[in-house]
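Data block below; observations after.
All chains are identified by letter, namely A, B, C, D and E, in their written order; residue positions are counted from 1 within each chain.
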Amino acid sequence: MKKFSKKDREVKLFVGPQHPGVTGNMSFEITLEGDILTSVKTHVGYLHRAFEKLMERRLFIQNFPLVCRICVPESDTNEENYARALEELSGIEVPERAKWIRTLVLELSRLQMFMRWIGGIAGTMGLSTAPQWSVGDRDYILDLFEELTGGRIYHIYILPGGVRRDLPEGFEERVLKVMDYLEKKLPDYDDLIFENAVFKKRLKGIAKIDPSWVEEIGVTGPVARACGFPFDVRKEQPYEVYDKLDFEIITENGCDLYSMAMVRRREIDLSINLIRQIIEKMPKGDVWTPLPNVLYWKIPAGETYVKSEATRGEFGYYVVTDGSDKPRRVHVRGVSTPHAYTLLERLVPGMNISDFSVAIVGLQTCPPEIER
Amino acid sequence: MWIWYKVLYALIVVIGGLAYGLLLGGISRKITARLQGRRGPSVFQNYIDLIKLIRKRTAISHGVMFFLAPMFRLLGGIGVLLLVPIIANNTALSNFSFGGDLIVVLYFMVFGCLGMALGAADSGHPHSALAPTRGLAQMAGYELPFLLSVIGLAIAHNTVSLSNLVAAQQGGILHWNLFQYPFLSIAGLIAMLGMYMAYPFSVVMAPQEIAVGPPTEYSSTFLSFMFTGRSIFGVGKYVLFMDLFLGGATNLVEAFVKTFVLFLFVVFISNVFPRYRTEQAVRFFWTYPLVIGLIDFIRIFIK
Amino acid sequence: MEDLIKRIESIFKVLKKERGKRDNLWIIEVEKDSLHAVLSYLKDNESFKHLALVSCVDWIENNKFQLSYILWSYQKRQNLIVKIFIDRDKPEFKTVLNLFPQAEIYEREIRELYGVSFEGNPTQNEDFVLEDWEEMPPMRRDFDTLKYSQEKYGDRDSEVQKTNIRKIISDFTDEWRRK
Amino acid sequence: MDIKGILKPLTAWKRAFQPPHTIEVPNKGKREAAERYRGFHYNDIDKCIGCGTCSAICENEAIKMVKVREPQKGDSGYRPRIDYGRCCWCALCVDVCPTGSLEMTNEYVWVRESADEFIFTPGVDIIGHEEKRDKGYKKDEKLNFLHLERVPMRELDGKERTKTFAEVVLGYLEEEARREAERCIGCGLCISGCPARMHIPDYIRAIAEGDDVKSLNIIYENNPMPEMCGKVCTRRCEFECSLGHLGDPVAIRWLKRYVVEQFDDLRKYVKAEPQPLNGKKIGIVGAGPAGLTAAYYLRLKGYETEIFEAAPKAGGMTFLGIPKYRFPIPSLDKQVELIESVGVKIHYNSPVTDKKFKEMLEEYDAIFIATGLPKGMSMRIEGENHPKVTYAIDFLRRVNLGEKIRLDGEDVVIVGGGNVAIDAVRVAKRLGANSFIAYRRRVVDMPADEEEIEATEHEGIPIYTQIIPLRVEDGPEGKVKLIYGKAKMVQEKPGERPRPVLIEGKEYEYVVDRIIVAIGQQPELSYLPEDIRNKIEMNRRLIKVNERQMTSIEKIFAGGDLTNWTADAISAIADGMRAVKGIEMYLNGEISWDKK
Amino acid sequence: MKDNKYFLDDKPDKISYSEVWQKFFNWARAKSLWVVAYGTGCGSIEIPPMVTSRFDAERFGVSTVGTPRQADVLIISGYLAVKTLKRVIRVYEQMQSPKYVVGLGACTVNGGMYYDSYNTVNLVELYIPIDVYVAGCMPRPEAILAGFAQLMKKIKEGRADGWKHYLDNFEQYRKNQEKIIKNWKIPNYNW
């Protein structure tokens, strides 16, 4: 009788790009032994738009409609990062109020991303009520964005020198109203999701990260914080007005998906808290320092690396200028690049196939920012 | 001559069952929508979906088994529906129930699922091939508490005829098995959740994990057969559980009400839980319902 | 931070050092051959454990590729960009995979988009974002993406060209200016 | 077992009793987008000037300009056509639009079945959201990409400057010039205003980039007298500047002045390399801007050029007519030096007579006459020949030629409202007179530059308006009396310039020491031989020429104020440029009088 | 297994039935549109809001399914990278007729903001037939719903025959597709 080798028992399976369990347009080549994964290979490139090449062909100001599309659901971080890089290289000062407004926008953006993520993580486990609620509630934040910036998803609101428009009249109250609404609804989410027995059972102990990996492979964001590492760019290297806000870094010690989920759950509270603080402390004044003539704007040669805390971790922009009116090179550090490749490859062996899509949503991989 | 009447009645029951099943699906969607804070589709949406599916063209071939599987599914559904008496001792609606119908029903229930599994495995899609293994594992899970409760009831009432079971529960609400043998009923009802692939036990049709499970490759007319089969099967199971635990029905209105309550129970649970992993689901079935059911089972034996 | 640069200078040859536009950023250029030693020293002795990014810049005028390694120290809260230049005609370098596992994917990206090969990186020749790519590596400065796109993918509206208003204005009355 | 965890989720059903928050679109009405929503474009095509800035800033090349109407001054006639297969609704075009005509409405539904229906020209193609434009993304007054405020020019103080003939305008410092040049968006509409079609955006760009030499050379491509233009040009380009619609136009004139002022000796910096002589000779009468221009560029093209000038200096009216506080002599010399350095021969103090002109006709292959308008126009009223009545042009000429005139304490009335009138009144003020202006129409109707009118205010010069001179009489104590009537403004047709009509009956008078008449000038053609003078086709008092500056007489080209109703230096330069082209074509046989 | 050049063995033939039935089924088709859950581009960011509680596309019978086999509608949500195009064509050919394609956003019409990118196609209509285009970048959920309304109207009127057009002009489409996609063999990491 022929003995089956391990190789014979292995099944190769392709998850994505068209697969309901994959966030965004990416694919994974997984090897299965029964229900257990033995290895994974990540494939991206389905969303490659050659941003960095296109940016080298466009004026600095023309790049803003591009950068906000680099990570689709979280456009403001991109805009803010790129704007800050240009400000640094060209020496433009930003008015105080603009900084506060930027921080407000960033926090709102984080908040909507977390709301969306709730839908994602619960949705991958089949709890379709959660995405229906959270994506619906997220829409109120998008309405705020629409009112403030004129766009729901792509805001093109943060430009070098400040922000594009001042807050509309009564905007602060409406923000607070939405925050009140969310705070009222969040206990429902806790009941439905975060305290759900099945939810806990599915997430606890899954995708267990070895804390030593965090520094080794450059894991950042909630994933690192779930391992007890207080890494948060907002505190580490405060940008905009984060140094003037009062908050603590959120950490958990479980190192598994449940801890990551709880970090994100608590980040929602933190974001709401920060938004309230910002609105309370926001000063009056100008929101815009006029740029040089944008059609001919040249920035002296130099290079810089700026970063900020996206919902997924350290989002960085490496910008090189050569004194012309176009950037020489813009390289975006997509947060989830190490998460989707190096970390996932280490996490996968021994994982159940049912947990695979939960894990990729739990790590919050975002293909557009990996491939750009 | 009576056999032709029987066939006519059977046809009416199947069509009525289908209509009712589709309507329940529509209502389920509406209720779910309400929970999720939205309007939801019309309750007749499922009818429209079915009409559309029937006239979609299919251009896929994966072999004979692939085509037969939906038939098995449909047959299993019709079999279950036609064997359980909707209204016991009613000429028209007691269907083909006979002395040992409970055993045959159990067989038909597995038959449909097995057919499905064969078809899925034959469709050549790795995801849908994964689904039967999960489905069978889960079946092994829920069949245990279900069989426990069915056998327990059979022993308790000393019969394997559904009509007799129903008859034994007549005479007031407290005579229902639900109250007579509450623990067995709980085990049976939890097993029913598994049977309906309701969350948290929906490991077979797990869209985020293995595409959409067995019917991944199915489309158009075949899918409509599956759809029909599922609706009829669903109604059949509701009727079965009504007969087993809720004392059957003496008229159509009662039957509607009772099946609707069972349906609400499934909807009530399935919308607020995520899905278990396969082995977690099996483990769940083999622990809590089994243990709970055993309490009554032992009680029956002692008696 | 200046101490650190001095310490590095005392051990390695630093070709160029430059303070970034903000306080906690320094950019140093080192010799190509000593890069691994520098990174290794920074990682082990100076707590620069977090490699944020490996990037490549095409300086086509000088016929060079610049490779930048962006490091971050959690303890010092400092960013440090270590850069080297390699020859554009012979785009080869050695991998830093043994120091930073996540460099694998950044190097694969550079390999695909710039054509710089990294000796010792086992997966560098796998597809990253492109599939069946036959032209020169697309991120190189001499690759004309607009031309490529229009030739390959077409353009709906090509008959109306982008109009130069300047030209129209200067043309519209005075014949004498026309040749 | 986690009982709490199993029961808690069931409480979520309480949400089922809250009303759904679904927005019922599109079956039950339509949801309006936010006030600032960046929806579809709207363009007010009458306000739009077709500058193409939106097209320039669009990173997607979604905006292309298409011809909608005939071009005219300050309006290219092109309008943005937007391709919604490219647009990304970033609204950079709205923020950069210099007229504010481009807006975005908050409409957002655009569904089509064919891919070809996504191209439209807002304002031309009506798509249905035009009426609802009260909401949407609009230009913000403060926060946009344009720099609407001009860098102020430093000037001599008003009281200070009436005492001397020193230059009033001090010119930009380097930093100011860069800042001002930076404002230009490079649309090129200014070119439509400039008769000489100078490459304005290019040289402004060069200034902004700090390359003054490049800028100078661009300027010299079609203007050999840039410093003169930089100081006294009527700057019609600035009226067409697209930034002028919402803010101040770019100070094109001051920028040109800045560039040329940077160089003491233009000969070193201007790359003027004349081609070797080709044996053809061109004679030019009059060394005004037109003549100098023609001579300079013809010489660069290899023709031998000679200019005959009656005055002791070149420059024509810019030398004789323009007061030195506006255009000092050294500036003029600098430019003439350059022109002479390329090989242009200028014969000073050599007025052309009819005899000489006949000789010239023999000697030269072509003749260009640009003798301008050296004679003042008369008011055609009684007593105009009074000795105390002079013509402004004669007055200015005398002053500029260095005649020492003092008018201390005299009352001088200047009749007229043009630039010459204002020059005369300011010169008279500087010579010590209490001069003032009497004009037929209102101040707003004055043809003089606004800036000049403002300058009179700074210098404390009154302007009396709606005054119609009736006659001149002898006044007491050797003074002279100007009798005038008041006028009322009558607009006959809407849109027409109102006409002053005398209010009959009442008469007033000014008793002054001197009356200077500045109501226009006329040519002096006595040097032309009689047969030519009789034959030559005239357009009222000016010579008629075609678009190549050809007169009706073979070999004779004409230009400058002599042919040109606008009568300013830049038009004269343009005439010169045109004549260069015409002469070249004539001598190459491309055009001739037969085919004319 | 024989080396199939195309994903389909051969092109499926067309259906024909009487007009009344046609109308009835067209009505049913219009009322029940199942969208394949494939976010091909950044437009997929507005699909979740559309199908969830705030806009609730299920009111019109629009719901998502996980597999192309069962789907009626393919949403091209924005730009198509070359790598995605290959999968999109495969997904489209796996879908069963009658099938419809909705193009979202500027990128599907004329390349959008990636008109000069070497990796995104400009004119999607060259490779698969698109029934309804919705302008926007990205279109709001309301606009997408309006697009669906238009698609429903088109189906009801029996004009939504992009799939027929695809079959009729299969060679032409294939030629266009082959111009871009070099390697038609299915890569080993795709099903």
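Convention: contacts are C-beta pairs under 8 Å (C-beta built on N, C-alpha and C of every residue); 3 or more make two chains touch, one makes a residue touch a chain.
Just so we're clear, the structure is a prediction, and the values are computed from it rather than from any experiment.
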Set of chains adjacent to chain A and to chain D: B, C, E
Path length in steps (a step moves to a chain that is touched) from chain A to chain C: 1
Could you name the chain whose CA centroid falls nearest to the centroid of all protein CA atoms? A
Computed distance of Cα centres, chain D from chain B, in Å: 88
Rounded Å distance between chain B and chain E, as computed from the means of their C-alpha atoms: 35
Between chain B and chain C, what is the gap in Å from one C-alpha centre to the other? 61
Chain B touches at least 2 other chains through residues 33, 35-39, 126, 207, 211-212, 272-273
For chain D, residues contacting two or more additional chains: 1, 9, 12, 15, 20-22, 24, 33, 59-61, 83, 85-86, 88-89, 115, 186
Identify all positions of chain C at which a residue touches two or more other chains, and write them in rising order. 129-131, 138, 143, 145-146, 156-157
Per the touch rule above, enumerate the chain pairs that touch, sorted by label. A-B, A-C, A-D, A-E, B-D, B-E, C-D, C-E, D-E
The chain C residues in contact with chain E across the complex are 129-132, 134-135, 138, 143, 145-146, 148-150, 152-157
Complex contact set, residues of chain C against chain A: 20-22, 24-25, 27, 49-53, 55-58, 66, 68, 70, 74, 77, 79, 81, 100-102, 104-106, 127-131, 138-139, 141, 143, 145-146
If we count contacts the way the header does, which residues on chain E are in touch with chain C in the complex? 82-83, 86, 109-111, 115-123, 126, 179-183, 187
Complex contacts: residues of chain E adjacent to chain B: 8, 12, 15, 24-25, 28-29, 31-32, 34, 52-54, 56, 58-61, 63, 65-67, 69-70, 72, 96-98, 191
If you look only at chain B, which of its residues touch chain D in the complex? 31, 33-39, 268-269, 272-273, 288
